[in-house]
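Each of the two complexes below includes subunit A, the first together with subunit B, the second together with subunit C.
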Partner chain A sequence: MRFLGQSATAKDISPRSPRSIFSTERLIWLLLTTAAIAGSLFLAGYGQRSLINWGGWPQFWQFVQASLHPELDPVFLRLMGKATLITLAYAVCGTGLSLSLGLLAGILASAVWWRTLWPRWANLAQPAWLTVRAALSIPRAIHELIWGLFFLSILGLDPLVAVLAIAVPFSAIVAKVFSEILDETPSEPLQALVNTGTPPLSAFLYGLLPQALPNLLSYSFYRFECSLRSAAVLGVIGAGGLGYQILLSLQSLRYEELWTGFYALILLNGAVDTWSGLLRRKMGFTSRLDLSTGQPRNPAAQAIARDSASSRVEHPSTAYWVRFSLAGIACAIPLCFWSLRLDWTHLWSDRTGMLLRDILTQAQPGIVTIEQVRSLADLTAQTLAMSVLAMVMAGLGGVVFSFLAAQTFWLPGGILYPIGQHQRGSVGAWSLLGTSRLVLLVSRAVPTPIWALVFLYILFPGILPGAIALGLHNLGILGRLMAEVNENLEDEPVRSLRSLGASGLQTILYGFLPQNLPRFTAYSLYRWEVCLRETVIVGLVGAGGLGRLIAEQLSSFDYGGLVVTLSVFIGLTFVADLISAAMRRAVR
Partner chain B sequence: MRHPSPLFELKQVSCRFNQVAALSQISLRIYPGERIALVGPSGAGKSTLLSLLNGTLAPSQGQVWVMGQNLAQARATSRRRVQRQIGMVYQQHHLIRNLAVIHNVNAGHLGYWPLWKAAWSLVWPLQVDQAAAALAQVGIADKLYARTDRLSGGQQQRVALARVLVQNPAVILADEPIASVDPERSRDIMDLLRHLSDTTGKTLVISLHEVDFARSHCDRVIGLREGKLRFDCPVSAASDSLFRDLYALSGEPQAVELR
Partner chain C sequence: MSAKRAWVTGIIGLLCCSLSLVACVPEPSAPEESAAESTETTESTEAFTVGAIPDQDAEKLQRLYTRLAEYLTTELGVPVEYKPVTDYTAAVTAFKVGDLDLVWFGGLTGVQARLQVEGAEAIAQRDIDAQFHSVFIANASSNLSEISDIAELAQLKGRSFTFGSESSTSGRLMPQYFLQQAGISLSDFKGEAGFAGNHDAILKLVEAGTYEAGALNEQVWNTRLEEGAIDTNKVKVIWRTPAYYDYHWVINPAVEDQYGEGFSEKVQAALLNLDPANPEHQEILELFGAEKFVETQNGNYAQIEQIAREIGKIQ
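Take a look at the complex of A and B:
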């Protein structure tokens, strides 16, 4: 046996003290997070005043009981059916617009585009794409609900409001993610084409886009799910559709009608999420999470995927099914645009121009007094606290649900069973899976402001009901995505743990969490950014924070003050994005 | 017999990445129709040399002339015109994995096709007969519409060769084309390259580690080590001891014998 100069190192293997997995950097972040959570609980009034309103329980109970007998009057059902279709049409049109605009902007915001087209001006390429990215961050920082209120005030009650309110911020989000996907797609094939004298545009089209397409499509379907939820929320501010009907029923305390609306939303969301999830899986797409955490894909996993792919038999019905879906999408987009009867001329009509001028002239921020600064600081702290509590709830809950709702886990044939063992009828496992998935579906299908109003029955007003509503809604989204991650985990390492006798929980500890926890943390941090933006929504129904001030200023036409508040809010989201990015680097 | 004008000419070329010298003071000429084996241990600068030859890398010092042009100073269009005369084969293939084989083969046309034609071909493949003929020549005629990532490594290397056939360049540069295939497939691929050179007079520059293949398939050997030209001679003049010295493990940590 030959060793290369290693005899001396044998001494170094003498006993060592165990080393913590926490680097100093991680430890600091952990302490800061703990402090942030404690501070948020303090701001929410925890331990200082009673938080639960026992007087509201009878009404809450009424509300819960109504779930068993929703309003099924045919006239009302027809109304709800129409409202459901309107919400769906908003989502389809909003997604269609944001994807086409986002693709264009995303290409311009990608480093690889500038590198390929202008290889000689490498020094200028970086400022170019950085400029595009910076320009995109402004529409992205403003929540679609605020866009909705803005369009509402210049366009009036018009279906354009909902479509534009989705399209503007979502285009910017799509552009950011698409540019990241393009930059993370292996560029060697592109480079190989350029090296043999291919013009850059052809090389980009031929060498890069086809490879990026699965990920671009996968993200597009996910965006559609998001659009649908936004369309429901936009109804709440009066843009019509299911959200609007639900709000009307809630305000007039007609709980039976309210539940009809809930069930319609749950059915619609469930159908769309299932369809989109199936489509992504059938087309063999990677998880949405891999894109957002930016972790390099595992070459070994790719090799395994390639080997199994070569032996995989393409089921003909699968291909038909995918084609059928794509054809359906191609038909649905023009149909939805037509059914909403969008009148684009409203955008440049005299009335719109006049209202826009009015707002712009009034939107001169006045001098900010010290008192205003103090109140803004208070509200900023409240907003932060609300987002932190929501993130913790959604993140922790999401991890728990990611195991309960993962298909590859408890079910027969799953990871806890030997390969090839497919015994039938384990009712317990199936009902556990079904229940947890239903909980997640309901949590994310019901819009956040509606959750907030429901929690206001049993909680005193403040940031807690807002935080819980936000946390619950985001738990529904996170739990599902994390479950997908668990399902997509390579199962060889986990199975090898099982084969050496590890129990179910041990498998989670040694097999799942080490591989997935960094992703889970990263994704929770992303959700924190989203939660922070969404505090506006619950603010609108009175849950406090900057959102509440924005709502007040909007309803009193105080556009000068609104500009100040929005600037503070945008500044806050930027800072939060920076913190989140730093923390994600630390956990990677 | 030597042709008067060389395809490639390197004049006192050095390449530095930050402080590390990848190549230093290399001068050589490559003439049409030559079959050159580029040998040397890992990190010797073989890939750097190939990148210089196909114009993806500009030298830190010296000049690289390719087909009568100094590529570092050429305009983008004229550089591309030279580059499409140079076919590349890589160890990692660099194919577009999720496209059908036909599109990867057709990528050989891209230097000549306008953008609209490239776009249309992705929807409705053009020049299918030529692609099929190229695939038949490399022995995988039946894979025309298969997805590239469903093929084995050896088959993917053949697709890359078929692409070069379609591109029909004057020179083929191959960067360790047989480093990750088994001996039988290595011989196949080397035979194919040699056959191409024999039948169409294409110039070959192949970097490899297999001395036997260098002897059997090439007619000139260039030995590189630590960025320096160690030898450049006809295959017949390259002795075993020359190769042994080139690959010797001197300077590595002392080997310790343990029983």
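Take a look at the complex of A and C:
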């Protein structure tokens, strides 16, 4: 976390002195990571007991086979169609709200804002900045589902519950990422404006925001995809939509019906991902989530990318297409808000105030005994182990899939496409691309709790089923993000390596990995924080860790205990945040 | 379109988003009044809301609940609305805040709900609920044998075991109580006790051998057995628990103020009048797996409440 010291950009643009790949700092992190993985495997029972339950394959197969004959009864399909629209509406409203709030909070959480507007109050500005950042970490640490149950208990059965459950944690996440984007945007134009006497606020609006906009917009699209997945989990709290339908079918394990729901989610996710990908490409923004890796965002390279993108955009039909999409967004948001019939006055109604006071009085934590501390420590270790295993699985798998699912490798004209070969081989290449993208899509579209239950058939209980479920779901997300990184890499060095006779594996090992590894690591670490939050929902299906305790406390209406557990959880997320930031700095 | 134009469009798009948000804030009250619901709602009467936590056969729920709502509308003379909730905790909370007037609760959740709403009454239950049972099941390869006496539950020590959902009466509370009577606490199992989430999952997970044993709602076991959905070579019943009170309808006392005195009794009568000989009624009864509904009262669940306090499900 930098604040008033050296501005990031000045340092980043100057060429860095080449550093040994294995600096001491990196070695320490490497050792710590290895230790963390070993510890997690130990907690998962690796080497101490059998982990795979061979007897459960028939049950596992029942689930898999049902994918071939989903429930297609017209009445049921109509129900699912309607549910899909509701889920979409929740996602749109949740995204709209979290982006608006997140933009405001993100500006307040950015160092550059305080630096520009209060240059003379540095002593006060720094604490203010830190306060905003710390305050944002609390809503971020708590999962949507818990927020949902909280809003349910003060608002009752109200469509606002689901919208707020998405919007509150997501606007904090958006704020964090937006503030990082703002801080890493080159600030020279801003400084130039300020130095020539432009009022700071105008300088900020005209000198910084327009530059940061492509990254902000790209991330907004990505956030929409996340909201969609989230809206699909929120059915539990009476929000309706696909999540509700899937939960109903899950109650009695109707796999055929479940698969209809998954296919709806797969279609919806696939359509939204494709649309947002196309739109971003046509507008010249290439990456969904441009995480800070400290690598210079090479302005020249970006300009080139943008130019080449815009030259593609010249085609009139695509220009219409972009405009059409944007007009669609502009119409969809009010439409979705209207269709959910949100009544914002409920937020400040007397009943809400009364219920809020009620829940706050109930939520007085009692005295924590030593025994409780010990059990909390155990559960924290479990949660941590689960998230570490999930992250490693998603990260490693993601790297592998990033090569399989990228368009720039195996297809004709791709880097690894055998030179001089004709179109004949392209069928195989296309099907490889299609299959790997489908695998990623299915992994991320099926909600984590479902994966957890399915893996519990073939694994013995412990943290492993939960970890694998989380790992698989996040692999689906990471694989695609990483594939995008590969696709966006400037390919001249790699192509020259290839034409000098390097084999495919050599090209990947020496051409791609060294360039992209920092970004891959950054994504995985970012996902780690997400995995940590999500352990709560696999805990809700009984896969262990703090999530299990939270489920027990929620169902006992033990709000006092819940506050203690959530505090531990927030602390854990905060520490993970620090570790991940330090590690990201180290891999730069 | 040049790159510059794309930006401008982008900025406008973002602006539109935020504008539309702002514009939306005061608006919702208008469409709500014009909404279709108001056509069936007389101006002064809010709909009487009914909810149920689907425990099984949830796929019928959506369709058949409209039947129940229609039936109650004609019987009670007030608009009735069914609200979907899939989670025990959420249903109790919704009942507490007054968004659900009549709820089909499990034994434990019904008690939890009544404790949070003063004056709430248990009014009806199924014929089978006064004599409800759980069954303990075991995977065949666990070599757990059938038992006839509760003390023999001790053989579950050191085995892996799964319950259903945290606040299920037949899938958690009563099984845990009987285990306690046999001197087994949750820490005596191999690993942590599982919480599979629902009765069917308990069944499948024990059948798969993930857990050596588990306990579930007897009604679900019997239904699945009839359907032939259980591989009886792999999973068997080892013990049937003594009888206890389970599922029941709980009504919020606020309905008396809203719909007039004696309304609770009217609702109770409507539920008891469901006649299995009438095909339309039969369909509703079948949704609940009931032959018919019978009267019940709060006192019937004193044992559940006491056990729940012992176990810590009621604080």
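Here, the second predicted complex is superposed on the first by the 528 of 588 C-alpha atoms of A that agree within 3 Å, B and C clash if a C-alpha of one lies under 4 Å from a C-alpha of the other, contacts with A are read in each partner's own complex, and residues count from 1 in each chain.
In the analysis below, a contact is a pair of C-beta atoms (placed from the backbone, for glycine too) under 8 Å apart; a residue touches a chain by one contact, two chains touch by 3 or more.
Please read these numbers as outputs of a predicted model, since none were measured by experiment.
When the shared chain is aligned, no partner comes close enough to touch A:Ile52: not subunit B, not subunit C. In the superposition on chain A, A:Leu213 makes contact with both subunit B and subunit C. In the superposition on chain A, contact is made by A:Glu188 with subunit B only, not with subunit C. After overlaying the two complexes on the shared chain, residue contacts for A:Thr198 are found with subunit B alone; subunit C is out of touch. When the two complexes are overlaid on their common chain A, residue A:Ile138 makes contact with neither subunit B nor subunit C. When the shared chain is aligned, subunit C comes close enough to touch A:Leu247, but subunit B does not. Number of subunit A residues touched is higher for C, counting subunit B against subunit C.
By the document's definition of touching, of the two partners only subunit C reaches A:Ser153; subunit B does not. Of the two partner chains placed by the overlay, neither subunit B nor subunit C lies in contact with A:Leu27.
After overlaying the two complexes on the shared chain, residue contacts for A:Leu79 are found with subunit C alone; subunit B is out of touch. Across the two superposed structures, the residue set of subunit A contacted by subunit B and also by subunit C is 210, 213-214, 306, 309-310. Across the complex, subunit B is touched by residues 1-7, 119-120, 188-189, 191-199, 201-203, 205-207, 210-211, 213-214, 306, 309-310 of subunit A.
Listed in rising order, the residues of subunit C touching subunit A in the complex are 1-3, 5-7, 9-14, 16-18, 20-21, 23-29, 31-32, 35, 54-59, 61-63, 83-90, 92-94, 96-100, 112, 116, 139, 141, 160, 162, 165-167, 191-192, 194-198, 200-201, 204-205, 207-211, 231, 234, 312-315. Note for the complex: subunit B touches subunit A at residues 54-56, 76, 79-88, 90, 92, 94-99, 103, 107-108, 110-111, 113-115, 118-119, 122, 149-152, 167, 169, 252-259.
The touching residues of subunit A, counted against subunit C in their complex, run 53, 55-56, 58-60, 75-76, 79, 96-97, 99-100, 103, 149, 152-158, 210, 213-214, 217, 220, 235-238, 240, 244, 247-254, 257, 282-284, 306-307, 309-310, 313-314, 318-319, 322-323, 326, 329-330, 333-334, 337-338, 341-345, 351, 355, 453, 456-462, 541-542, 544, 548, 551-552, 554-558.
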